[in-house]
Amino acid sequence: MIDIVVLFFLFGLVAGLARSELKLPAALYDSLSVFLLLAIGLKGGQGLATAELGPLLPQLGAVILLGILQTLIAFGLLRSIVKLGRADAASTAAHYGSVSVATFAVGVNWLMTRSIEFEPQMAIFLAVMEIPAIMVGIVLARGIGRDTDWGLLAHEAFLGKGVTLLLGGMIIGWIAGPEGLAPIKGLFFDLFKGALALFLLEMGLIVSHQAGELRKRGFVIIAFGLLMPLLSALLGLACGLALDLSIGGLTLLATLAASASYIAVPAAMRLAVPEANPALSLSFVLGVTFPFNILAGIPFYHWLALQLTGNPS
Amino acid sequence: MIDIVVLFFLFGLVAGLARSELKLPAALYDSLSVFLLLAIGLKGGQGLATAELGPLLPQLGAVILLGILQTLIAFGLLRSIVKLGRADAASTAAHYGSVSVATFAVGVNWLMTRSIEFEPQMAIFLAVMEIPAIMVGIVLARGIGRDTDWGLLAHEAFLGKGVTLLLGGMIIGWIAGPEGLAPIKGLFFDLFKGALALFLLEMGLIVSHQAGELRKRGFVIIAFGLLMPLLSALLGLACGLALDLSIGGLTLLATLAASASYIAVPAAMRLAVPEANPALSLSFVLGVTFPFNILAGIPFYHWLALQLTGNPS
Amino acid sequence: MIDIVVLFFLFGLVAGLARSELKLPAALYDSLSVFLLLAIGLKGGQGLATAELGPLLPQLGAVILLGILQTLIAFGLLRSIVKLGRADAASTAAHYGSVSVATFAVGVNWLMTRSIEFEPQMAIFLAVMEIPAIMVGIVLARGIGRDTDWGLLAHEAFLGKGVTLLLGGMIIGWIAGPEGLAPIKGLFFDLFKGALALFLLEMGLIVSHQAGELRKRGFVIIAFGLLMPLLSALLGLACGLALDLSIGGLTLLATLAASASYIAVPAAMRLAVPEANPALSLSFVLGVTFPFNILAGIPFYHWLALQLTGNPS
Amino acid sequence: MSLSTEKRTLLCVITEAVLEQTLLRDLDRLGVRGYTVSDARGRGSRGIRDAAWDEAANIRIEVICARALAESTLEHIQARYYANYAMVAFLQEVEIIRPQKF
Amino acid sequence: MSLSTEKRTLLCVITEAVLEQTLLRDLDRLGVRGYTVSDARGRGSRGIRDAAWDEAANIRIEVICARALAESTLEHIQARYYANYAMVAFLQEVEIIRPQKF
Amino acid sequence: MSLSTEKRTLLCVITEAVLEQTLLRDLDRLGVRGYTVSDARGRGSRGIRDAAWDEAANIRIEVICARALAESTLEHIQARYYANYAMVAFLQEVEIIRPQKF
């Protein structure tokens, strides 16, 4: 059956398309995103407290390469087949090379609901994969060294809200461990799914606003928005197999790869590649890829992971 | 003993009357109302998942008629006895023909605290009864067909925030059923009473601002504000008996009937009957009827329900 | 080990000093402070429901004197040794004579985590100690009777947001008792520590903004900001011994005494002693005393309480 | 050497938040090409509106356009809303540098 | 044919949020019949005020009234608050169409 | 007897919230001594910006300064941002009473 949090997304989507007056306070949406980022970080850090950290460094190198590779492929396809201009192609590619926290959270929820384990370092992968695609996207748009303020960008990237909360949460979780986190479990773990449901309700409303843009450009957006995550998921699975991840880990890495950023990257690209049209990138990411991933992608990536590991359940 | 959530209402009321600087952030109040509407909808929908839906349609017809009848009676009384002008009488009558979600939530809480069961469709009644009174009120103010933008109004009515959240929650709860809702129970069900308490705290503050208006017009407002809900409760009980509801259902339908809207209807009337004075209607509804219902009305309607069914406990 | 909620404070502090873009919505911070004040009040009131109220009145007299004494001492030190002007010394002294709800909450959390009992009236002490220092500070700045609007100030003091919520919560908790509060326990008690963690995250960010001011005046601020709470804690312990408090109560009264206000007092002083520089007072209170108390002070005061009662565990 | 600017009119309307959608639809219909909205509270002849809840919240709508359009928009608003809503409106001269935009 | 408007003065005060109630009481006492308040943040000679918490928040108060009242109000504010509070105030000409209202 | 005021220019920029930090840094560099920022939403040639989430939110920046600085700042903004960002800017005359401050 369809997960409850996804029902909330569909509800928001339908309400938005029907032009309902439903609106969540902006402060609630903001608060929920702070909450989700912290909770994901805490959960990951708590896991790390008991995990071996030896293999972590090469793994991080691998997922960074994965993100860069996705960005380059997306850029190639967007230039050659979708025929976007350089700036738009570079900006949109950066969205796809990066990751979406909401998609990741739905993936985590999907696995938890089915009691499928996954590696605690997935949360670090999430934090680490957010950034490199931004750098690559800027280089693709501008070439190296031309009037980009890299200092500023590095600041944006490493000290942006999302990465700060993920890393901060992870470090706290890692220091405190399961026992230390117990007193705040009631808030950060027990309410995680409810908060995710509310967050996805607003996401549905936001996605519904993409309908106009979608209708304008139609087919090509839908085609790329569906194929790119599938391609990325395969790359993610390949990378995950090389890293010897569990089924849950494979599913989540495929999900991460398939996901496209709609918070950190749009903000960074808006400043670094202003001539790119943000509405265009978001119509790919929010109009097609995000709904596809949470509605159909995640179960499919799990199924693929089972096939690839010879575990067809 | 007085319910804990009602104590929060009294606290807000006293703090407001004492001119305390207490103020809740507007975004918190908004978020709480989203939460309560969703939670009520989910709970209702979950119940429907296991209920027979056969008798639902005639029941909906009955409660719609109930709302219309209340509106007409209120209009008659306000014109003839209270001597309000046509616009003010029509607008105020629409408030009384419609329903109050907060009052309903206090009623639900009252029953739950005492482990009294009620029919799951009460949440649908709540959603359905919000709207007809608005239409009737407009016709009473204007006659039919004169420059009212009915399309716009239908949109307001059916796609307003309250109805959207109630219906959306109900559909999600109905699809997911108790099992599907389990993961978000921690947020939407376990925190319901706490959230209602906070919400009523702000309601107390809002009600305290009605004191000025009340003092100005005094007696007639208090009289109508007390008698109308009693009359409506009797109509609600009669309707509930005809529909063969349980004691809990009777109590809640009486509560719904007795309750008067202070969110959806004022907003709709402000646009559709602008010459009506919104402060006047709210002084009836918030200054008298709302506090009366949650402080004394609900237990009294329950007692009446017991008498009428020959179950004097 | 360091408490989890304190880790959140440190996280906010580091993120702020690193100039991260992390920011919590202002409405979330506001909502959390409403929540914490109510929760503390409810918990205290619930305790009072089963406690003897006989000795309460003299105790209140004692803690009021304690607050006044602290204010006078702080004023003397700030004038004679720190060499502040009259207005700045009076205003800063009022901060130290009053109390900090966040520090108190961390102290409560510290004791709860270690299952150390304390007297329920501590919450009343908190409410009562907020105010007298404000009055004394104004008199110190102005002398008596010169153009201060005392009526207005009394209003500010007794009907300010903090005192209203604390007292309101306490009265509700006292009326309802443990049983009556059970339905809202899920929100107000089970989520207390998580909410405190989030609140302290924002406090860390706010404290990090004090760095500039600190660097400017440096040593003298740090010295007074460390010594004053130690001195106050000793006075608090002496007072607590006289009142025959338990170890937990002693620790909390020392914490209360050592804590300095950064919400109620700055707002009151801004209006009543406008020529005092608010950035200066806050650099003492937020830049030094608050972090010191929650990082090192509370455990130290507990250790002192053990020594003084001959209970060195 | 000074910047070459052109004059336009800024119409500012302060009114009840409940009117937001209705007024913005009106602006559309009257040919306005852009507007800015922000939240506000206040006091006037219809009492205190402290934004404690939606019913009591105000908004502030600003429109920059040609004088004629500003006047006709204001006239429309006056005719339609002044009698029944908490509302204040005023005009101001402003200087802009992309005349084709307004 | 152009709309017949009258001139009034708009007094705008940007200051610390903590002053809100005090200033509004002053306005009342000085005879002002209406005002509009909105939330703001900013920077000035008293440093950055980023509205991260109440202490560091600004408000923006607008009053439309006759020139004389605007001036006397501004003088009062200057005398009473300029020395000790983060505050900026300015006057502007505006055109309104219901002269009896302001 | 009327208050003695001096004229300054108010530059108001309405643009995408994502630009806030960048623009404020620019203002600093251009020599502006103070500014006020508030949140807004709106519609213009780049579509509806309803502030439902950060991407779609606007801000409103006000700077009071000497005419020359206002013009050079506006020119800088025009050159650097007009082409690629949702943005509107305008100038107004205002009267202030502490000339040394602006």
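Some points to look at:
Per-chain residue numbering starts at 1, and chain names A, B, C, D, E and F are given in the order in which the chains are listed.
One rule holds for everything that comes next: a residue touches a chain if its C-beta (ideal position, glycine included) is under 8 Å from a C-beta of that chain, and two chains touch if they have at least 3 such contacts.
Keep in mind that what you see is a predicted model, and the values were worked out from it rather than measured.
Touching chain D and chain E at once are the following chains: F. Counted as hops between touching chains, the shortest connection from chain C to chain D is 2.
At the interface between chain A and chain B, under half of the residue numbers involved are used by both copies, so each side presents largely different positions. Seen from the Cα centre of chain A, the chain whose own Cα centre is farthest off is E. Mean C-alpha positions place chain D and chain F at a centre distance of 19 Å. Chain B and chain F have centres, each the mean of its CA atoms, that are 46 Å apart. Chain C and chain E have Cα centroids lying 35 Å from one another.
In chain C, the positions touching at least two other chains are 23, 25-27, 30, 191. Multi-chain contact residues of chain E (touching two or more other chains) are listed as 38-39, 92-93. Chain pairs recorded as touching, per the definition above, are A-B, A-C, A-F, B-C, B-D, C-E, D-E, D-F, E-F. Residues of chain C touching chain B in their complex: 25-27, 30-31, 34, 38, 155-156, 159-161, 164-165, 168, 171-172, 175-176, 180-181, 183-188, 191.
By the touch criterion stated above, chain E contacts chain F in their complex at residues 12, 14, 38-45, 58, 60, 67, 71, 74-75, 78, 82, 88-93. Those residues of chain D whose C-beta lies close enough to touch chain F in the complex are 2-3, 5, 8, 10, 24, 33-39, 64, 92-98, 101.
Listing the residues of chain E that touch chain C in their complex gives 16, 18-19, 22, 47, 51-55, 57, 81, 83-85. Those residues of chain B lying in contact with chain D across their complex are 23, 26, 29-30, 202, 205-206, 209, 263, 266-267, 270-271, 274-275, 278-279, 282.
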